Amino acid sequence: MRFIDEYRDADRARALAARIAALCEPGRHYKFMEVCGGHTHTIYKHGLEDYLPESVQLVHGPGCPVCVIPMGRVDDAIAIARHPDVILTSFGDMMRVPGSHGSFLDAKAAGADIRMVYSPLDALKLARRNPDRRVVFMAVGFETTAPSTAVTVLRAAAEGVRNFSVFCNHVTIIPAIKAILDSPDLRLDGFLGPGHVSTVIGCRPYEFIARDYGRPLVVAGFEPLDVLQAVHMLLVQLAEGRAEVDNQYTRVVPWNGNPRALQAINQVMELRPHFEWRGLGFISHSALRLRDAYADFDAERIFQVPGVRVADPKSCQCGEVLKGVLRPWECKVFGTACTPENPIGTCMVSSEGACAAYYNFGRFTRRRTKEATHA
Amino acid sequence: MRFIDEYRDADRARALAARIAALCEPGRHYKFMEVCGGHTHTIYKHGLEDYLPESVQLVHGPGCPVCVIPMGRVDDAIAIARHPDVILTSFGDMMRVPGSHGSFLDAKAAGADIRMVYSPLDALKLARRNPDRRVVFMAVGFETTAPSTAVTVLRAAAEGVRNFSVFCNHVTIIPAIKAILDSPDLRLDGFLGPGHVSTVIGCRPYEFIARDYGRPLVVAGFEPLDVLQAVHMLLVQLAEGRAEVDNQYTRVVPWNGNPRALQAINQVMELRPHFEWRGLGFISHSALRLRDAYADFDAERIFQVPGVRVADPKSCQCGEVLKGVLRPWECKVFGTACTPENPIGTCMVSSEGACAAYYNFGRFTRRRTKEATHA
Amino acid sequence: MCLGIPGEIVELLPGRADLATVEIAGVRRAVNIGLLGTGGPGGVQVGDWVLVHVGFAMSKIDQDEAAATLKLLKGMGEAYTDELDALAGSDIT
Amino acid sequence: MCLGIPGEIVELLPGRADLATVEIAGVRRAVNIGLLGTGGPGGVQVGDWVLVHVGFAMSKIDQDEAAATLKLLKGMGEAYTDELDALAGSDIT
Amino acid sequence: MITEEQVLERIRRTRARRPRLRDERITLAHGAGGKATQSLVESLFVAAFRNPALERLDDGAVLDLPAAASGTSGPARAASGPSGETGAACADEMSDAASTALGDETVLADGTVNPAPMSRAGEPGSPTVFADDPAATARMSDAMATAGPRLAFTTDSYVVSPLFFPGGDIGDLAVNGTVNDLAVCGARPLYLSAGFILEEGFEVADLQRIIASMAAAAQRAGVQIVTGDTKVVGRGKADGCYITTAGVGLLDRPITLDAATVRPGDAVLVSGPIGEHGVTIMLARGELDIEADLTSDTAPLNGLTEALLNATAGVRVLRDATRGGVATVLNEIAQASQTAIVVDEAAVPIRPVVAGACELLGIDPLYVACEGRFVAIVDGAHADKALTVLQTHPLGRDAAIIGHVHDDPPSLVLGRTAFGGTRVIDTLVGDPLPRIC
Amino acid sequence: MITEEQVLERIRRTRARRPRLRDERITLAHGAGGKATQSLVESLFVAAFRNPALERLDDGAVLDLPAAASGTSGPARAASGPSGETGAACADEMSDAASTALGDETVLADGTVNPAPMSRAGEPGSPTVFADDPAATARMSDAMATAGPRLAFTTDSYVVSPLFFPGGDIGDLAVNGTVNDLAVCGARPLYLSAGFILEEGFEVADLQRIIASMAAAAQRAGVQIVTGDTKVVGRGKADGCYITTAGVGLLDRPITLDAATVRPGDAVLVSGPIGEHGVTIMLARGELDIEADLTSDTAPLNGLTEALLNATAGVRVLRDATRGGVATVLNEIAQASQTAIVVDEAAVPIRPVVAGACELLGIDPLYVACEGRFVAIVDGAHADKALTVLQTHPLGRDAAIIGHVHDDPPSLVLGRTAFGGTRVIDTLVGDPLPRIC
């Protein structure tokens, strides 16, 4: 596939790997956080760590939109779905995320009408086709996804579709990165910036990271060569003593992002004063809600969701994993009590969640798998 | 079973048969009409004709409530059932009665929600349990059944059940008998009166038959000995030159009927100016409808049924069979194009219909079956 | 449709004046007895037999009349047997 | 969730300014292009490649930049091969 | 003017025609086991799949396997596609089939798809012989000396509602029903498969109960459930749980159970009181508000059929009287054998409570399903012996001779009523009943 | 602090435990063919029905029948109830089972219910021998000279939505799927049963189309549909039409297909491009508004397996890659054989349009169902021969060697990615897909 296969080439990967190895100072350990779960997925799916020297460690960040949804919001969504006339729609990733009394899949089995959609526009279409039902779209995602929700609400408003609403859980990436940077227990040497979020917000919003925290950030694409190249670019900056925002993913990410997308978000949504992130607690100005002008499309107001805060399970260490403090396998329940088939934490659900990605794809160390496959 | 088994005793039947045979004048042919389909059913189900001499012929009358429903009313009921929020309820017998575009069973297969009930009270219960649906009871039947519909409407009114209504097709037996008596093409020697209708109306309403038409009528029970005895009683009257109303079924039928039942009918229903009977055409004052006071429970008004008159299929001779002019097997399509599995006419549907009863149970002549079973 | 079947009233349902449990060969159903009532000559009580039609008791079964009908039928049967015997005893056959 | 995939615009849907058909390896879907538009520098037309996310075109793929990145990577590979050759040609191994 | 006799002849001819399906849509009647089911099966299934085993429309198919040990390890003729002739139902075409299985021909419809079908299995081989078996009758060696083993193979889907009912549940029903279809073929049931279609949201505890019932029923019947499958469909796309079982049994006795062999003078037996299962289900639904002390008759009949077949060689045919009841089974037999079956209605064992419920609801117990009763047609000379054997067995205690076979009127079932009259007892039309199996 | 190695060991132990069912209700995941299905099957079905044939959880059960012609016509041990041992899956316990079938013991669990089980069938008899077959290998005569025929028996329920899709419909799926389960047992499919569950209102014309497909598929596969059943459920209690087929096949070649025999050095083959069926179904639903020129791969594989088994004795095990896809099949094999299977992802044949749809939807083609592809594990020395044979057959034109078997890490499947990295390929979790079969 064009713009995909070229960036999965093993020969180029080997060359880049040699460059990377050459750039690493002996004895020095490098810790880079890939902010975005998409990168985490790529890293394990393609076995990318096989190309990295032991001294380069990729740390998984909070950029998995499903992983950061707190239990209370899942419970709220299920409470909405329990209305007999409601069809709750959501992306497939959400279906198995545990709430305090089970996931969407469990609620569906218990009688709620919950359906997967590929696009928020499909939810709107469902509303048009079922005029006697109320269709609620469970909106999750960072700035990549928020514009599509915003455009859908605008469409619904323009068409006067009265039985469509959005349960808005969109979050913003910058406050999360800032929370990580401010956390005392983590030392990072640089960031892989989220490629697709950046198509919307561009590269400028990251500048504070270089400026205020002295850390380089390279916006990276999602094919394995993209990630390797971005690592290389980070190492070059470090080698040269620089800390700047750079863009590896120039074919997709314009430096200034997508002004129409930003405008759509801004028209329909506003920042919440604060929002709870799973494992990270409340972060101010870190999430979006619908503006008063679109109150008719705001499921949160229509259904008066209870909004109860639910404590995470005691054994859950997702917060530490999301902050990059713990590596997935260091969580006490990883792979035993918490598995993709019976997840305790959110990170074990989405294929972008660090625990799921590591469990599903990466569960064997580089050394062991190298023995097995290169023998 | 008490009050049943005693009246199915073969020894007593033989004795009665001998008496009946003895009463028949040689060379004379006796033609009695059993007005009620229940009798028709009994006659064939128990092989009662085996006990009757060839000279006594039982002619089937119009007293099968399902058989007399015209196609247009079936179509109307299906039109009601097509409303997505309607549950149409009806007795099992109605399910296969052909309308002009299929039966209830076909409409159900095509998506209508049509359910069998044992009692109109069960339909009311269904309405209580499904407050978001409109439950319509397809009421059919003679005076035996009309009181139960009336009581059910009174209950619904008393309880304020707003989503229950009745599509009233109740008919009255006397005008039908009168239509038979007035029809030029039939010579009858007497009538077996409908036992269960008479529990409600009593025996007096038949007196005009004896008085004005000079024909005896004996109200008869539904066990085979009841019918045989009633035949005997008719023959005795004829032998003695009498034409009176007599009651064989004294254990169940009071001479004056059931005043509470009559009162219930009268409170809720009134006579229609005229009503179409399948095969018999319009007969005035032959059917009941809800009074204005109960308009809220009248499906005919709520749903504004089209009320189109539909001509019977050309091949259908149900009218002749209902009037006793044709014996079932004399209909051109009997047993070939018209069978219980693919009925053309209504008489082939209900187990009280003359054609169905004859086809299902009586299809072989007395002589042939006697050869087969007594050999 | 006009199907009626005799059943015995085994219980008047407490708190529901118009409902009774009727038993037919071991089969029980709640039946509406409002068309008969529980007082007066037509009224029913436990032990009475009634004719049940579409969930309603339509008529109280008069057990004396039932017995009388059966007796009459029996009488005919015996008379018939007597006649047969007489016939058999004659010289004609 | 942040899954985006490159596809080629093969048709602008007539009468729907914000809809286009995008093809990815023979797979076609209608995609909302309202966030890019059809005019101006960011606007798209048939033959353009876009990044598709949850049914929306989020970004036009800059084919020159893509080529440049690949060229850079290729250069690194060749340089790497040269180095390897050089290494192989040296006496050290 | 046409006479009644002429009309009857016209009807006879109409009935003799293969039933034609005229419906545009499936209705509940098509699943009730009566005339609508027959027309569906004959017009669609038999017409399309056409092969001798299927065309018999018996409880199960009787199949000849190639004699594996003989070395002629090619597929039976069955493998030659739908036009093959090996399959024969309930053994009637056994000798044909046996010689086919012995033949060297290994016709494969599509040589490209199935090349060299037997190149490794070794050929030729010596036909198996019965030399060491002096006790074998001539008929037996005819049938068995030359053939591979005969199997009975059957399937039924179970969609009963409610899933749990007095005396059983869908689980033991699904085991017993398939065991019984094998048993009435004269086979020894050995192995069952079970396919589950579960509705999203179905309670695992209920599934566990059902499975425990199946295990217990399998143990009771002496069969093993050796393979299975599970599918889950969305909410509202099923009714909790449907189960389809298939069964394989071994026909290791040299007998021929075939409705076509029934002849005048034979006796008609039922193995126990009828209609209990169907009435139990009807009442268990609760919709009729009728209560009665009644349990389903579901039971495995292979022990009882074994006992009967061991005791007498006079058994012509066995049928379990499920959907459509005894009446429908008897009609199938009368039609297959062109005989008249006359039922003495007073002799039909029916529990009073079943009779009472049927009176109340206006249905005829002869049409009500049993799940643990069979009808046996037995040579009149063996009838008393057969009855005694059945009555000795716990599941046949109330067995009875309920009628006899006559020659006229052909293909009809007549009832001699308790009242002393005579009536026709036709195949079930429509469906007075809820889903019973 | 715990090391990564220790964690992996902990996970290995957790995974080695029998999966436990924790759910209170059935969800769609239980029908998806992945881990939830496994835990349901193992916790409920296997636990309750327990017998060796079932416990293998193979595509079909392999069963030893008593050698009918030998005169020891008692039931196989299977008839002794769930504790019997005759059933063995895919032949691995064949010799055990064979001697059991030969033994004179005819243990019946319940003597009362099954009295005198063999009194008429004649005993004793001479065991069948292979005397005339000089070509038979020693292994072969071991296996076959002493036993009755071996059968494969399998079932699947089909609930695919939509019923009609590009390249097929539920009808040919139901035939091919069961034919394939028999074929991958190494059996020659002979007979099928078909149980229909129809929704009230289903169009007869659609049913007719489905039945015509079944007939055509049966003809193509050379099998006969010999018995069937039809149930109708009320509107809203099904989704038009569900079909459950069961199949009986003959195992007449003396081979042992068993996942447990897979060993390091073996090669992993697939018979064609993967994922076409699953993606076709997903798109056919129309909900995704995605269009692609793609048809289901549904096909009968018995011709292809015959060709392969005739050509080489090196086949260890065959599996059709249906629900759960190639990934799940490989995991089952890795676990049964305690080996590591390493897949060369670049070698896996995938049509571009399938790859494109999977990228767009974010799913992995290795988990997408095929209905006309199998995975074969073949002795490394025979791999090229096997590949050539497959590629010669029209249904195997695009067959490929996609990986090899290693010894470490045991019970795991690893992917060597096209990119040159390595990843774990675990069993399917959850269900990204609509009902596909």
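For clarity, chains are labelled A, B, C, D, E and F in written order, and residue numbers in each chain start from 1.
Here, a contact is a pair of C-beta atoms (placed from the backbone, for glycine too) under 8 Å apart; a residue touches a chain by one contact, two chains touch by 3 or more.
Predicted, not measured: the structure shown is a model, and the values here were computed from it.
> Mind listing the chains that sit against chain D and also against chain E?
Of all the chains present, those in contact with both chain D and chain E are A, F.
> Farthest chain from chain A, comparing Cα centres?
Checked the centroid distances; the maximum from chain A is C.
> Compute the centre of every chain as the mean of its C-alpha atoms, then state which one is farthest from the centre of chain B.
Relative to chain B, the chain with the farthest C-alpha centre is D.
> Have a look and report which chain pair racks up the highest count of C-beta pairs in contact.
After tallying contacts for each pair, the winner is E-F.
> Could you tell me the distance, in whole angstrom, between the mean C-alpha positions of chain B and chain F?
59
> Could you work out how far the Cα centre of chain B sits from that of chain E, in whole Å?
38
> I'd like to verify one number: the distance from the centre of chain B to the centre of chain C, where each centre is the average of its C-alpha atoms, in whole angstrom.
About 22 Å, centre to centre.
> Using the touch definition from the top, which residues of chain E touch two or more other chains?
Residue numbers touching two or more other chains: 23, 25-29, 200-201, 288-289, 352, 355-356, 359, 362.
> Going by the touch rule set out above, which residues of chain D reach two or more other chains?
Each of 3, 5, 24-25 in chain D touches at least two other chains.
> Quick check on chain A: which residues sit in contact with 2+ other chains?
In chain A, 1, 4, 14, 108-110, 118, 122, 225 touch at least two other chains.
> Just spell out which pairs of chains touch, all of them.
A-D, A-E, A-F, B-C, B-E, B-F, C-E, D-F, E-F
> Can you check the complex and tell me which residues of chain F touch chain B?
Touching chain B: residues 200-201, 235 of chain F.
> How about chain A: which of its residues touch chain E in the complex?
So the residues of chain A in touch with chain E come to 108-111, 113.
> Which residues, counting only chain F, touch chain A once they are in their complex?
Result: residues 1-2, 4-5, 7-8, 10-11, 14, 22-23, 25-29, 34-36, 39, 287-289, 340, 342, 352, 355-356, 359, 361-362, 406, 408-409, 412, 414-424, 426, 429-430, 432 of chain F touch chain A.
> Given the complex with chain D, which residues does chain A contribute to the contact?
Within the complex, chain A touches chain D at residues 1-4, 6, 11-12, 14-16, 18-19, 36-38, 63-66, 91, 93, 118-122, 140-142, 144-145, 147-148, 151, 194-197, 199-200, 222, 225, 229, 248, 250-254, 258, 260-261, 264, 350, 352.
> Show me the residue ranges of chain C that touch chain B in the complex, using the header's touch definition.
1-6, 8, 24-25, 32, 34-37, 42, 49, 51, 53-56, 58-59, 61-63, 65-66, 68-70, 72-74, 76-81, 83
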